[in-house]
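Structures given as structure tokens follow.
After this come two complexes, each holding subunit A, first together with subunit B and then together with subunit C.
Showing the complex of A and B:
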């Protein structure tokens, strides 16, 4: 018991710092950190499929969008306020969506698979653009989403929103770590490394790939719902190919297939986007694009770990992953 | 009939957009998502030369193809750094999409250019009761000419045989003493030049805009998925089917037209995962 507590100490400390953060930040920074945490969760969810199972999906923003749109539409159109119902519905909808997504996209392989996920993601975005049911205003978006009702009194402001998101993201990250650390997660990595050998060992590779996409898409749906609550609106650009691309970049920059890499990458890229846009709104894509190119070309000097800061995490994450493989 | 004419013209543009991408993906397994960015460079170059500088259209389009061939050399140098790594290729291509799109805004301004207006193509050809705009006929003509050229190069020449050998078994091809690196460079140059010509001639109906890197990429991807890779006739057939379907659905139910393309893609994947022509990536 005591040993478990000590082993979990860093995690507990991170959550405690997160809960304490509002006392150190102004409300704009609180909002930025909230957003960063949500995207960290989204990237970590994507990494279940992308890094663990080696399924290079470029359409995951659409799955997150299914969650966000479900929660947003239920709230705005049908006046459902309960957080639990909204999140339950968002999880269910994104689970169904990711199953369909998996059934179509897994017909194709490797590079072809990437193309198909990309096109499927864009299909959802086009649907959101063209179908009037998915718009609540002239702005081609679902607007007017507010923080939901938790079933007990909670005064929403940027500080409490941040604390709430810290708790939800922490719980979700624990679930993700459980999946990655389980025999199921080990099987995901097996199908990534050697499909033929896994088949020979009696694993039904296709089923594990569907499972990986479903788990990853469902968790993305949760992050999408949080995104809708926090930003107050969700629009086709949030679910399109560009958004999916940024998710993949978060995963790659943080280090795909590691324990916390994608999460850290998500936080880092969100901060980067914010400060680049703050510096110059028109030239932000230029800065971000250049960074991506440089990272892509430098990546070969440090396989599977992109940015320099990853080196620091490497020692921790690699060892833990190795221990899992051995166990 | 009008719908068919529009559909064939759109199909020709789609073919021009997609053939370079299909060629690259097939010959070396390079997923060049920046292909749409090359198209955009072609479109803007043509606009600058033909509209702003007053060149005749044909030299302007050819010049755009040449400029894009140079861009292709640069891209090949960049992709050579990271062979066979989907992660890095995605990161690199997305970076290029951002940078090209934004640079286009810096150079040509944030407002998209309207479809190029060329005097000798502004009329229409009357066939029976149907008036077919001359610029669409020009697009279709260029599309089919390039298709024929690519088909001859790929299926009837020594270089084409090298490209196909590289698709089937890169290691064996190298072992036979073929310098596959140079073949890849040639394919990059050829694919990019075709994309540049596509941008120039497609500009007659689509203009030029800084959102094209992504828009064109998506259209090209659907064509590649439906048509399969490594076969010129397959890509051409897919482009025409999609062009006709899109023109028809725009005419019949405009609200859902772009979704229908994706449904077609999903349908093809369920029935024939390798696309109409049958090679796999």
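Showing the complex of A and C:
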């Protein structure tokens, strides 16, 4: 028990800092950190499929959107306020959507799989644009979403919202880490590395891939619901191909297939987007675009986990090992 | 009843017959070497047995059941295991993870980190690390950090971990010295007398010493199926496969 607590100390420390942050930040910074944590969770969720199972999806923002739209519409159209019902519905809807995604897209392989996920994501985005039921305002979005009812009195403000999101994201990240470290997670990595060998070892690869996409999409749906609560709205731009592309960027920058890389990447890119827009609204897309190009070039030369902390960590570790050997 | 029955199996790719009308049977515990020049159809037949390729016609029966259309993952559970060329190890998984994937036959869908069955799997992995001499760095090495011989041992440790009834070995001797080859054979023999083995190899000395029977493939057809001494005397085999090189020896 004590050993488990000691091993978990860094994680406990991060959560404690997260809960303490509202005392050190102004409300705008609190809102930014909240948003960054939500996108960190979204990227970590995508990485179950992208980094662990090697399923390079370009439609995951749509799956997050299914969670966000489900929670938002239930709240605005049907006056459901309970956090548990809203999140339960968001998880269920995104799980079903992920399964449909998987059943369609996993008929294709590699490049075709990417194209199918891209097309599916675009279809969801178009649906959000065209279907009146998915609009509650002139802005062609679901607006008027507020923080949900937790079952006890809670005075929502940026500080309490941040603390609430820290707790939910921490729980969600523990679930994701459990999946990654489980027999199922190892099987996901096996299917990523060598499909034929996994089949020869008795693993039904297609089913594991469906499971990876379902787990990934469901967790994305949770992040989508949090995004809707925090932003107060959800719109087609949040679920489109561009949004999915940014999610992939987050995963790659942080280091796909690593334990916390995608989460850190999500936080970093969100900060970058904010400060780039803050510096110059017109030049922000240029900065993000440049980052895209640099990342793409890095992928070209280091196919997986090219950039980000893994590479830096590896470099530092190698240097230490080299120094040790030299000594 | 034979362990394996191959009945008039053919595989066509368009107009090309990669394997044509091949039939043979195999008994439990038998070791069969498969030889033939490049393009003879050995790999295709091997893949048909492993379930990676389906036959265009004919039947494959294993333990009395028709497995002609059975997927490779189901064949594994029915008792067929195979090895691959080294390049098909899992490049980013450690030795221990390789063996864990192979040894975990239950709770594969568990999304909980420590399942009570994990202790059993850990013991099996430790046993394989010891038995196959792979315990360097406690199994935390990646394939690229291992010697060629160690990679081959890992390859065979994975293939034999389930103690299969039929083991298919794809060129197990490539890149190994004679001593390492014999070591591998002894380790596979240790599995028990019941395990039948079919292997593809080009080293004639090895094929002669390992096999109870030898199958000779040529242009997709099975041109000879006999014991090693008879194969050595077979004129047709001498001409189409052993050729001048063998005569010179």
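Basically, the second predicted complex is superposed on the first by the 297 of 327 C-alpha atoms of A that agree within 3 Å, B and C clash if a C-alpha of one lies under 4 Å from a C-alpha of the other, contacts with A are read in each partner's own complex, and residues count from 1 in each chain.
One rule holds for everything that comes next: contacts are C-beta pairs under 8 Å (C-beta built on N, C-alpha and C of every residue); 3 or more make two chains touch, one makes a residue touch a chain.
These figures come from a predicted structure and were not determined experimentally.
Should A:189 be classified as contacting the first partner (subunit B), the second (subunit C), both, or neither?
The second partner, subunit C, only.
Identify the partner contact of A:139: answer first if only subunit B is touched, second if only subunit C is, both if each is, neither if none is.
Touch partners of A:139: none, neither subunit B nor subunit C.
Going by the contact rule set out at the top, does A:9 touch subunit B (first), subunit C (second), both, or neither?
Neither subunit B nor subunit C is touched by A:9.
On the A-aligned overlay, A:179 touches which partner chain: subunit B = first, subunit C = second, or both, or neither?
In the superposition, A:179 touches subunit C alone.
Of the two partners subunit B and subunit C, which one touches more residues belonging to subunit A?
B
With both complexes superposed on chain A, which partner does A:202 reach: first (subunit B), second (subunit C), both or neither?
Second partner only, subunit C.
Name the contact category of A:111: first (subunit B only), second (subunit C only), both, or neither.
first
Once the structures are superposed on A, label A:286 by its partner contacts, choosing first (subunit B), second (subunit C), both or neither.
first
Which subunit A residues come up in both lists, the one for subunit B and the one for subunit C?
In subunit A, no position sits in both the subunit B and subunit C interfaces.
Under the definition above, what is the set of subunit A residues touching subunit C in their complex?
Touching subunit C: residues 178-179, 181-187, 189-190, 193-194, 196-205, 211, 215, 257, 304 of subunit A.
Could you list, by residue number, the parts of subunit A that touch subunit B in their complex?
Within the complex, subunit A contacts subunit B at residues 56, 58, 104, 107-112, 114-116, 118-120, 122-123, 126-127, 130-131, 241-242, 245, 248-249, 252-253, 256, 282-283, 285-286, 288-297, 299-300, 306.
How about subunit C: which of its residues touch subunit A in the complex?
50-52, 71-74, 76-77, 81-82, 84, 88-93, 97, 100-102, 104-105, 107-113, 115, 118, 158, 162
Over in the complex, which subunit B residues touch subunit A? Could you list them?
25, 29, 31, 78, 81-82, 85-92, 94-99, 101-103, 105-106, 110, 214, 218, 221-222, 224-225, 255-256, 258-259, 262-263, 265-266, 269-270, 273, 280-281
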